[in-house]
Structure formats: C-alpha cells, structure tokens
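Every chain is named by a letter (A, B, C, D and E) in the order it is written, and numbering of its residues begins at 1.
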C-alpha cells in the first residue's frame, strides 16, 4: 500500500516538490502557473480541503502559501507576486472555501485576487484608512500622520 | 409583513461573543444570512511579530480562551520543529493530557451552551457543574483554570505528580458516568429531539466542498481527525477511535461530541497509566534559526493550523493562524438557509463557534453565495449600518 | 422511550437534597497550592538583572529605581499571571501565591513592589 | 426610609449584562461559571440579562477593539441609571497583553467610567464574585447613587 | 350593618384577598418558582425577599421610553395587563364559595380577562419600535390561539359536567362529587399545559426566547414599566393557577362551618392557597426538564394533540352527563 505522500509525489512527478518532513510537502511555482497547478490538485489528486492561505511580506515580494490537506498530509503551494503589482488569480472557482481566505489576504496585505466575486473592504473597521497592517513597512495610522 | 431584517449580535445573549448575523426573515423563516465577523479582531498576528518567542507563548494562548492549549501546542510544535528539538517523552505525554483535558472541558461547555440555546437551562447547569471537575484538574496541575501557561519551548513547565495522577483517574470514572447520562438525555428527551433532529442539515458532499472541520464534519459522516491522519504529540501510541455519525444534523453533532468525551476519557486513562519517567523540559535557545514550519492539530472544534516563518532573530517573522471556526463558517451559512429563526442559535452553536479564535485577523464574510439574490451584500451592509444608527440598538 | 421530561425522574429528588453550591464568601473553595495568584517579591534576593521585565508578555512587570536600587514593580491590572517572571528570575526572588481575591476600585491600586 | 429601602433593593438585586469587547473568551466563560451551581450568583440576586435596558451592572471583558468601541458606548448609554461597570480580566483593565496592537483601544476605562476592576487572566469565578461583592459594598457605603 | 358590609368590601378589595394580598402572593410565587427551579438545578437559589427587591429596584430606576416607541401605547400596555389580572382575581372564589361578585357566567369573564395580558404584551412589544420587540409581539399574537382554544375548552369540562357557568357552583359541585375530578383529569392536564403556554414559560417561552430575540416584547422596557410587566406575569401565574384550582380542584372547598365566620373564611383561603401552590409546583416541574420548542412545533402540537384531546375530554363529559351524571 502506498502512503498518501507517495501517492502525491507520484502524481506531481516532474514538479519540484520538497519534502521537509513526513506529512509536509512544499511546492514552489511561478504565479502564472497557479490555476494550472490548482486544477491538477483538484482533479488529479481530488483534493477538496483547502486549509488556509497564508501571505507574508518578503521585502520586495509578497509570498503566498496555499495549504491543502489530503489524508493528513499538508501540501503547500508557494508562489510570489511583486509588491508593485500585488495581483494573483483567484482560485475561488476551484476551491469555494478560498473565498474567505482570499478576502483575508486582500485585507491585511493588499493582495488582489483577480476574479474574486466579492472583494469588499474586509480587514479592519469599515472606516479603516491605515493601509495594510501586516506589511513590514506598515506603521500605525498615528505614526503615519506624525511623519507627514 | 414582508421581509424583516433581524440583527443577531454583536451584543446578543445567544452569542457570548460579539459577532453579527443579519438575518432576513419571511415570517419565521430565514431567507438570507449575512455574517459579519471581526468585532474582536485584536491584531494578534501583527503583535506577534513584535514580541519574543517567550512572550508569544502567552500571547498565542490568548487567541482563544476555550481552545487556548491547542494554539500553544501548535506554536511550540512549530518552534521546536525549526529548532530540531526533540522534547522528552514525559513532556509529550503531559501535553497530550492537556490537549485531551481541554477537549473534555470544551465539549462539556458546548453541551451546556447548546442546552442554553434551546432554553434547556437545567442541562446547562448540570453540564457546567460537571465541567468544574475538569477545570479543577486543570487548575490543580497547571495553576490556572483557563489559560494554563503549561508549555515552554522544549517541554512543559509543570510536572504531573503521583497525587495528580490519582485524582485525574478518579475524576475520569465520574465523568464517564455523566457522559453516559447526557447521551441518554440527548437521544431520548423529546423536546431536545424536536429541536435537534433534521435541523441544520449539512450533506457530506457540501461539507467536503466547504471544508467543514472537526465535529461538524464528523457529524456529516466524514472521517477526518488530525489525531489519526497526522499523529502529533503521543497520539501514535494511544488507542482511540474517530467518532462519526451520518445524521448530518444538529443531533449528530451532539452525539459526536458526547461520544468524543468518552474517547477522550479513554485516552486520558491510557496516558495516566503509561506516563513515562524522565525530564519534562529541555533548554531551548532564545534565537530561532531561519526556517518555516506548519503545524496543525485537532482542536476541540476541528483542524487548527498554524504557520511560522522565522528569520533567525528572537522574534518571529510571520505567524499565521487559521482556526476551526473560520473554516466552519461557510458551512454554517449553508446550514442556516431555509431554517426557522428559532433554529438559528442552535445551528450556530452546533459548530461550537469560537469567535475569539477567528477574529485575530479581521474578516468580513457574506453568507450569500450568489450576491444580489435578495439585495446585494453591499447594500445589505450599508442598510445594516444605517439601521443601527437609526435605532440606536446595540449597533 | 422518547418522551418529554426524560430527566425529571432523575432530578426531582434534588429539590430536597442539599445543593452543591459553595456559599462564597462564607464558605470558600480551597484553591490548589499550585494556583498562580498574586505574586510575592523578595527584595533581598533581587539582583536587579531585569530578566523578569524582559520576558513579561504584557508589560505588567517594569523596572523602577526605588531607593537607589533597580527593582521590578508589578501592576496587577496588566498581569496575565503566567508566572514567566518567576521562571525567568535566576535568584527565585519572585514567588506566586494562591491569593486571588484582588478586585479593587481604582486602576493602579493593585501594585506589588 | 424610602431611600434606604431603595438602596437595600439595589444591593440585593444587581442584574448584570455581560459584554465581550474583544476578549479571548476566557473571562466570558468564567463569568458564566460564576452562575452555575458551584457558586450560584443568583444567591446575591444576580440575573444575567440579555438587553441593556434591564441591566444594572455592565460586566465587560476584553481590551476594546476599534470596532467594539462605539458599540460599548452605545450599550452603556442605553442602560438606565443608576448603572455600574465592572471590568473582568487584565486586558479589560488596561489592554494588558494586547497593548500596542493597532486594533485595540486598551482598556474599558478609555471608553466608559469603571467602578471596579477584577484582575486575573482570567480570574477565578470566585474572584469575579468577589468583584461583584466589593462593588455592592461600595454602593452600600455611598459611592455613586 | 351596611357600614360593616362596605368596610368588609374595602378590606376584601384592598387587603385580603384583594390587591395587597395578590401582590404579596405573586411575589412569593415568583420566589418559589425561582427557588425550586434552582434547587432542581442543585443550586441554592435567590433569597426570600428577592422578587420584592427586584421590584423596588426596578421602580427606582430610570425609566426610558425609546424615541422610536409609540409613547402612549408603550406606557399603557403594562397597566392594561396588570389591571385585567387584578380584576380577574376578584372573581375567584377564595374565602367562600361565592367570591365577591359571583354571578352566572363569571368563569367566562375570568377567562376573557386572562387573555388581556397577552394582548397587552403584544401591544407593548409592537409599539416599542424595536425589531426584537415586534418580532416577539408577532410571536405572542400568532401563538395566542394555539393555547387559548385548548385552555378555554379544557376549562369548560367541569362547567359542562355541572351545567353552570358560575365558579361557585362548580366548586360546590366538585366538593360533593369527588369523582368529577377523575372524569376531568385529562382536562386538568391540558389546562396545565395551556396555562404554561399562556404564561410563556418553558417549553413555550417562544415569544421571549432569550437566545433568539433577546427578551421579545420586553426588550425596550426598563424601570417601572418592566416592574409592572413582571408583576403582571407573576399575578397571571397566581390567577391562572388559582383558576385551575377552582375549576378542577374545587377551589376553597370543602368549607368547614366554623364559628365565627371569618375563621371558616381563613381556612377556606388556606385550602385555596395550598391547591394553587400545588398547581404552581406542577408548572415549575414542567419547566425544569424540557427544552424550548419552536413556533411551528407549538402550533402543530396544539392542533394535533391539545385540541383533539380536549374535544375527547368534552365528549367524555357530555356522555357522562347524558347517562345521568356522576
């Protein structure tokens, strides 16, 4: 019997999959390939469980991590987008539960998922004007004003 | 009288935490639900980047007061993975003990809350009284009833003595009897059945598609349990079963939780009887090398996943938390459709919502899958704000 | 059988039995000895290292210069009672006691020096 | 005579409204735990009410997030006089562990006047009962009428 | 002689068993209700004077009329409710078989008077201008018929058996025919359940379901008016339970011919009170071990079970009467 990891590695053969420890797989892809990869995950691996989407500020780039789970194995798809063009294809049509997580990253880091059906202001209060708090160069509104 | 919009929350007796469900009603039937969360967004993720790992131990605990230990466990597991630190076996067992005690207390708490939501206050009083037994154990071992501050990076801070062991085992006997009693009440009391059976239906396919987790998913017949799928702590050693039911309704969620109480009791017995000797704490450095790690655990409410990226300093570079309640929200919106107003509290309660967890980053969720079904989400929201301002009620 | 009032036969007797209530404040629950309550500070053991203030997660413990000696001052309004300060202290100058009735009327009234 | 009767009634019948202004739930469940058979706050006449119109004592928890600030104020304004506020937990008292976050105000008393503080994270249910008793004692002594 | 009559009337109206007594007894039943409920939950429960303290405290509180509320109706609703209850109480035969103003058909008058507090509740909720209050008011109104019909019909049974609409006659008849209770046993329980619904207590506290619509019609009420509503609720419990005690359990009967006459009145009142307390006790037990049901479930319960069963009861009564009575 093959373990879930072996099964995944078999399907994703040819892609640069990194295994840090058992049950943890990482795969870095360019952002153009995102939808293609997601389709593979969804159709060939029959993954339905998107755990969450993490985004982080790497300095000049913003890194996105899509954490999926299949039988206890966490598969993380990594991709980046530059800070001056923070857009990414939305995966809502493939994974409906991403609707929440994409709004979250839109709100706290200002990444725009293209094709997202409902991108209302969702981070922080409605009247929030202070920018994206989880970016590294972010400062609290009070400090921003003081600098100006 | 046409459609009525009823705001439940942010300050509402059904929700012990501030959230807002704007419910559109046609008579007593729910036409639409708009879920607005984020009232208790405290910016913890950003705050964590400004604190040292030691300080974060306590901050991460306060993401949520009910499943606090699951969060701390995830945090320490992440840090230890990056450090490559193997913690002592005894510490591992004590951590598992706490994870399970927490599940016990959370499930008892939930039973009471569910009883309260359907007006069964006697059940609420009884389960909470029994919950005190678990709380006493937690307090006895850790020194606090809720935020235990039990973990340190590299192990646990307090040991379990012989005396504690005896007390834990005694309490388990009592709790097992009580769990049996509640099971009987839940599946035989007619008025509970009237409120729980065929209420809040969540079909397995829908549950999978909307990534329901924890007892919510297991009540829809999906056998998902991180403790089995990706064993952490000492779950590999411990024998236990994953409880599922296939009724897909609130009653199923009650039964799953009651049976999980029984399973937890079994696990705790095993742990207490096989507690290995040895150290409980290994010294860890203050600076954590660069790296990244993902940790997920089966919190009482479902899969709780944390991501840590460290950059070689004393403070984390990015810490991300996704809590089970957030994952269950889309499913809740689905369950609420076409139900009665009276069922709203119990359906919401059935996922065991823990808004404190969810709101550490702010989110705004619109329950409508298809915007513009009644009026668009944006209009609805504007209307809601205006409504509050006009009525001055609790907005 | 599935009937309403299933619990009633089992619980009706409680009307005539003694309630389980602990009549606080007349009677008291005995808190366990491990309880993390109000801390006690031993000035004679303190070496003014400041480790407690460095590790305090909530800024309850701050270093102040009192009578020509740097020493920690604890404000209970900030304290999370995590006992990290007691753990960080190399000289065991901080000790947690089981005292937990700390309610007060004004902010800043509950200070441990 | 009538005045002292009213005072007596006020001390004997504190109805509470519990409001979470962004706490982690720890304090909230401990407040509820003060109502259960173990401590039974109804002995002091405490009833947990759902609407601010019925309540005498507002029991607040949490560091007051930006979003809850206005709502806390409004709930406080809706309560009929005389009203009292008890803060439970360290984050409600001062912002505590969340101090410095962009999303919190830092303490209930930055928004509304507070009559009593109960430190702890979270306090034991008996400590919360102690807070209520101390509040009632201060009403008895005079305090706010 | 006449002067003494007037004096007695005043005493009857104001002191015993009139307003003051009803006031005190209502508060006592609330205490009893909360205490027994607490004891079933293994708690100590409130102290003896708790309901009184609540009442005094509420009366001394600030009284807010929300801007959105219709001022007149909002203020009048609790008074209407309380007045109707107090009026209904006067007709109950308490100290003797006659009551103060006993006449043929007083049973029907009391039944109608008992409907008014419900309507007052609806009006209060509706005019409070709050969406929860309106929702609660709607629920009050929509549930009205589901318990009013069985309540009326169930209370008819003894009247049918006896052939009179006068409560005094009914109690007298019951005192002499104890078997009558057995025949109308079903009606007694239906009356109890319907009364529970009328009082909006568990499992029928749908109009003020705390976890759904906060406090229903009472959401905007504060201070004095809330106190009046609470008092009306307690008094309604006393009067409703008293009515059931009168109609099914023979009220103050059997009356002992004691000398002087007020001693026999006192004993009669005591008997009546004990019977009322028994009914209230049953109501409390019913409350303590059930969950709240839904509006639709309550309506279907009323139409599927309560009403047909009441009709069965009435049928039994008619047959018994047809074959020569008991």
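Here is the rule we go by: a contact is a pair of C-beta atoms (placed from the backbone, for glycine too) under 8 Å apart; a residue touches a chain by one contact, two chains touch by 3 or more.
Note that the structure is a prediction, hence the values are computed from the model and not measured.
S.K.: How many steps does it take, at the fewest, to get from chain C to chain E if each step moves to a chain that touches the one before?
M.R.: Shortest path length, in steps: 1.
S.K.: Looking at CA centres, what chain is most distant from chain D?
M.R.: The chain farthest from chain D, judged by C-alpha centres, is A.
S.K.: Suppose chain centres are the mean of their C-alpha atoms. Which chain sits farthest from chain E?
M.R.: Result for the farthest chain: A.
S.K.: Which of the two pairs, B-D or B-E, is linked by more C-beta contacts?
M.R.: Pair with more contacting C-beta pairs, B-D versus B-E: B-D.
S.K.: Where the centres are mean C-alpha positions, what is the separation of chain C from chain D, in Å?
M.R.: So the centroids are 19 Å from each other.
S.K.: Could you grab the centroid distance between chain D and chain E? Build each centroid from C-alpha atoms only and quote it in angstrom.
M.R.: A distance of 36 Å separates the two centres.
S.K.: Report, in whole Å, the distance between the mean C-alpha point of chain B and the mean C-alpha point of chain C.
M.R.: 25
S.K.: What whole-number Å value describes the gap between the mean CA coordinates of chain A and chain C?
M.R.: 41
S.K.: Could you list the positions in chain C whose residues touch two or more of the other chains?
M.R.: Those would be 4-7, 11, 19-21, 23, 31, 57-58, 80-82.
S.K.: Scan chain D for residues touching two or more other chains and write them down.
M.R.: Within chain D, residues 36-38, 40, 43, 50, 67, 78, 97, 102-103, 121, 124 contact more than one other chain.
S.K.: Enumerate the residues of chain E that touch no fewer than two other chains.
M.R.: 38, 40-45, 203, 210, 214, 288-290
S.K.: What residues on chain E touch chain C, complex-wise?
M.R.: Interface residues on chain E, with respect to chain C: 36, 38-45, 203, 285-286, 288-290.
S.K.: Residues of chain D touching chain C in their complex?
M.R.: Contact set of chain D toward chain C: 37-40, 43, 90, 93-97, 99, 107, 109, 114-121, 123-124, 126-127, 129-131, 133-135, 138.
S.K.: Quick check on the complex: what are the chain E residues that touch chain D?
M.R.: Checking each residue of chain E against chain D gives 34, 38, 41-47, 49-50, 52-57, 60-64, 210, 214-215, 218-223, 226.
S.K.: Per the contact definition, I'd like the list of chain B residues that touch chain E in the complex.
M.R.: 1, 4-7, 12-14, 25, 28, 115-123, 125-126, 129, 189, 191-192, 194-195, 340-345, 391-393
S.K.: Which of the residues in chain D come into contact with chain E in the complex?
M.R.: These residues of chain D touch chain E: 5-6, 8-10, 12-13, 15, 36-37, 40, 42-43, 45, 49-51, 53-54, 56, 78, 80-82.
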